[in-house]
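As structure tokens, here come the structures.
You will see two complexes here that share subunit A, one where it goes with subunit B and one where it goes with subunit C.
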Partner chain A sequence: MLFPTIEFAVFFAVVFPITWLLNAHYTWKKVFLVAASYYFYAAWRPEFTLLLLVSSVFNYGAALLIDRFKGRARLAVLWAAVAANLGLLGYFKYYNFFAASLMNAFAAFGVKVGIGFIEVALPIAISFLTFHALSYIIDVYRRVLAPTRSLLDIMFYIGFFPHLIAGPIVRANKFLVQTVGPRDPANIRLGQSVFLILGGLFKKVVIANYLSTGFVDGVFRDPAANSSLDLIFGMYAYALQIYCDFSAYTDIAIGIANLLGYEFPQNFNYPYRAVSVQDFWRRWHMSLSSWLRDYLYMPLGGSKFGTLATCRNIMITMALGGLWHGASWAFLIWGSLHGLALVIERLLGVTGEHGAKKRGTFATVLGWLVTTQFVCLAWVFFRAPSTDAWLGYFATMFSGRSWSTSMTPFVAAICVLGALSHILPPRWFVTLEKRYDEASLPVKVLVPFVVIYLISVAAPAGIAPFIYFQF
Partner chain B sequence: MKHTNPTEFERPHPMGELRTAAIVIYATLMLLAVTIPQSVVNWLADMNGNPVEETALRGAEVLRNLSQRAGVATGYQRARDIFIAISGVEPD
Partner chain C sequence: MVFRSGSGSGIGMGDRPRRALGAASALGAACLVLSLLAPLAVTPCRAAAAAVAEASSTIKIAFAGDSIVDNYWSGIGRIVDANPCLKNTVALGRFAKNGTGLTRGDRVYWPREIRRIDDVFKPTLSVVSIGLNDRQFIVDGNGARTAWGAPDWTDKYRHELDEFLKAAIATKAVVLMVGMPAMREEIDNADIAGKNAMFAAAVAALADPNLHYVEPWRLHAAGSEAFASYGPDKSGRLVQIRTPDGQHFTAAGEDMAADYLFPKIVQALNAAGKNLDQCLTKQSKDER
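== the complex of A and B ==
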């Protein structure tokens, strides 16, 4: 069930009033929201709701066990629980990749090893589900959070439909406190939620979809058949597409959760305004980067043990972060490239936005230019389906062969619209939300109606799934 | 003198917020169903066709016919035709 569909609109139109009618009876409200979330998930593959249930029950029990033990036994239970979660993720997502890589490695030395592949569909959102589960048990281990005695709360936390498929990754300690009693309707920020949802619909349905079908898919399908200029445009267009696609999903998720009375963290903050790669990761998929920092980089030692260890920890974190996106060498290279860039920045003393501001306008502009080019180039690894594909893409792009373009004026206009999402000052959006909140009721109704109507007028015939669904 | 938290005055009535949100959601969906009725018909027609869906489909068709007779639904098609002509995207 995709957000920008009639099916989801009807689903939400049913869920919204029942959620608030049950608000005072919050246990029943949670039962209802868990049932609704499982129904939402079952819309893809009903059998995988069992995975959701098993993960919730397992991590609920694991957290209680972790809490019961002390010292090494406590750590042992944590490791067992983490291994089980990662094992499940590994089985579905990485088994075939590692099996193929192992066979290729042996084959390089002339040794023939037969490892059977498994034929199993990848459960949608399994990575997000695992990250939520790990956040819970690790926080319990660290005593940041007391384990909940309610299995229902864990089922609700892991399965809540707005964040279930593609985030944002909500921390257990931030979400579970919201489940202990009725939610206050005064927490609904209508203007902000409406604009997040409308902006998300526009970014996904109009910008991301047209960039994908109108240009990006074509140039990445057969790079050799395109001019160098088209491949350069394709690289930037994909950078806009993936931003508009992914940020659209999480914006809509945050807006929907707020309409139901729940708070989710911000996930994007104008990432292509970043003036360093470090700054980029503070603005792009913020809930993932902070997760990786707190649950991977810091446990590895963070920056506490000298420069060499810090660089190693950055590389491990970013390489695994890349691999999290998918079982392929291209994702590993993408993550490692970002890791390498972060290491170089650290060695050169380049820090985030604050440091850049101190260095003046020229350094800031230069930092932005270098960061943007690096991030866009790295996206090619992310988008190309195979090693041959990205090799072919770069070979043709840098060959300087033909400087004509097949980009239509319409796609160029869509690119400009996508870029405007970063060019327009943030305060304009804040003012719009404020004006909306102060407007009369008919205006409050007319704004979303007119915007969705216009989006429908301009929408392509079908809506492609969100890019991050595969992760 | 009794001190009162000023935020109590500023805070909007909670049920008022909820009521406004509900009106915005349902009025928007109703307006969209009336002005783009064919999309609801198409969506229901793609379903399996159990008795409930069949009834909903008949209801959606009645709404579409009424909307077309009143001239409300034609605006969408005209706007779509203009968009296709300007943008050069392929027609549905």
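== the complex of A and C ==
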């Protein structure tokens, strides 16, 4: 069940009023929301709701055990629970990739090794689900959070449908406190939620979909067959597409959660305004980058043990962060490139709060320019379907072979619309939300209907899944 | 339910709601402009097709159907791009509509859509793959619903298929109806086997010289076909050929499927008097 579909609209039209009718009976409300979330997940594959259930029960029990033990036993239980969670992820998502890589490596030396492949469906959103579960048990281990005695709360935290499929990654300590009592309707930021949802629909259904089908897919299909100019445009168009696609999903998720009375963390903050790669990761998929910082980079030692160890920790974190996106060398390269850029920035001392304050206008503009070009170039690895494709992409783009373009004025207009999402001042959106909050009820009801109708008219036919669904 | 904001109530629209509506309509206005521009939207391949279409000798191939046909469009596209002669002779049109099929006429009614494709693109040949999303209730072109699993579901589906194929034939283009390849899930495969048999029977029953059923691509030429997400490429390296959803092709898989499908396209074009021999090497002709 995708967000921009009639099916989801009907689903939410049922869930929304019932959730608030049950607000005073919050245990029943949670039971209802868990049931609704499992129904939402079952829309793809009913049998994988069992995985959701097993993950919830297992991590619920693991957290209670961690809390019961002290010292080494406590650490041992944590490691066992982390290994079980990552083992499940590895089995479903990475086994075939590593098996094929191993067989190819042996074959390169003339040794034939037969490792069988496994043909099981990849449970949708297993990466997000695993990171939610790990957040809970690690926070319990660190005593940031007391383990909940309520299995229902854990089922709710791991399975809550707005974040279930593609995030944002909500921390257990931030979410579980919201499950202890009725939610206050006065805390709903209606204008913000409605515009997050409507803006998200517009970004995904109109901008991302048209960019994808109208230009980007054609350019990336066979990069070597395109002109240099088309490849340059294609690179920037994809940067806009992936932003409009992914930020749309999390915007809608945050808006929906807020309409149901729950707070999710911000996930994007004008990422293409970043003036350094470190700044980019503070603005792009913020819930993932902070997760990687807190649960991978810091346990590795962070920046506590000297420059060399810090660089190593950055590289490990970013390479694994890249691999988290998918079982392919391209994602590993993409993550490693970002790691390398972060290391270079650190060695040059161009990052950090101190550096940002000292930076003048010229350095800021230069930082933005270099960062944007780097991020967009790195996206080619993320999008190119094969090694040959990204090799061909860069070889052709830098060859200056031809400067003609097949980009139509329509696609160019869509690119401008996508870019506007970064150019328009944030205060405009705040004003828009405020005006909506102040409007009468009929206007409040009318605006979403009219905008959704116009989006549906403007959208290309068919349903394109969100890019981050595969992760 | 009480929301935080409470002002602006009343039947008449005061300044605030008027401003709110005006401001909120900014997004709507953008949609409206886009909706007006949408018919002008052309994909690069269609733009390229339009440019190449100036020459009367251009062979135009439309790819129509669900998301699987996008995989064929990509794979065939790379074959065409790699051959300068084919690139100057063949124009590809991408008309896949993700998530659609023959069951949901309320979303995209394919008999109408195939006529629209003919109007805008005038294909010489259409590669069609459809049915991936059709394990569900049917809404026909008039909006009548038939529940999934109802006793008359298969008859209704066959009727929708006939309507579609007749509309496709009426375009005068050569039509290749490609069967669906093996999928990971048994439930999908059982469904696909039934649908592929239905497609083959419907094509045979219509007995139109321009309409052909093409058996789906198989990883192994002989023996029973089983789904495999990894397989050897031309150099023997193991590569991922199917996407994690267990249905679609990766780029490597697209190339494999295209290598299988392209000779069928050439053959069907030859039979229709459109020869691509001048662009094909001796080896590719032998393979055909």
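Please note the rule applied: the second predicted complex is superposed on the first by the 466 of 471 C-alpha atoms of A that agree within 3 Å, B and C clash if a C-alpha of one lies under 4 Å from a C-alpha of the other, contacts with A are read in each partner's own complex, and residues count from 1 in each chain.
The rule we apply is simple: a contact is a pair of C-beta atoms (placed from the backbone, for glycine too) under 8 Å apart; a residue touches a chain by one contact, two chains touch by 3 or more.
Bear in mind the structure is a predicted one, so any value in this text is a computation, not a measurement.
In the superposition on chain A, A:Ala9 contacts subunit B only, with no contact to subunit C.
Contact with subunit C, but none with subunit B, is seen for A:Glu438 once the two complexes are overlaid on the shared chain. Touch criterion not met for A:Pro265: it reaches neither subunit B nor subunit C.
Once the two complexes are laid over each other on the shared chain, residue contacts for A:Thr408 go to subunit B and to subunit C alike. By the touch criterion defined above, A:Val219 reaches subunit C but does not reach subunit B. Taking subunit B and subunit C in turn and counting the residues of subunit A each one touches, the greater count comes from C.
In the superposition on chain A, contact is made by A:Gly199 with subunit C only, not with subunit B. In the superposition on chain A, A:Ala100 contacts subunit C only, with no contact to subunit B.
In the superposition on chain A, contact is made by A:Ser328 with subunit C only, not with subunit B. Of the two partner chains, subunit B and subunit C are each touched by A:Pro185. Applying the stated touch rule to the two superposed structures, the overlap between the subunit B and subunit C interfaces on subunit A comprises residues 20, 185-186, 188, 190, 210, 214, 408, 410, 441, 457-458, 460-461. Subunit A contributes residues 20, 93, 96-97, 99-100, 103-104, 107, 117, 119-122, 185-191, 195, 198-199, 202, 206, 210, 213-215, 217-219, 221-222, 224-225, 230, 328, 385-386, 389, 406-408, 410-411, 413-414, 417, 431-432, 435-443, 446-447, 450-451, 454-455, 457-458, 460-465, 470 to its touches with subunit C in the complex.
Contacts from subunit A toward subunit B in the complex involve residues 6-7, 9, 12-13, 16-17, 20, 184-186, 188, 190, 193-194, 210, 214, 259, 408-410, 441, 444-445, 448-449, 452-453, 456-458, 460-461.
Within the complex, the subunit C residues that touch subunit A are 1-5, 7-11, 13-14, 16-17, 19-21, 23-28, 30-32, 34-35, 37-38, 40-45, 47-48, 67, 70, 74, 77-78, 81-82, 87, 94, 96-100, 107-108, 184-185, 227-230, 236-240, 243-246, 250-252.
The residues of subunit B lying in touch with subunit A in their complex are 11-15, 17-18, 20-29, 31-32, 35-36, 39-40, 43, 76, 79-80, 83, 87-90, 92.
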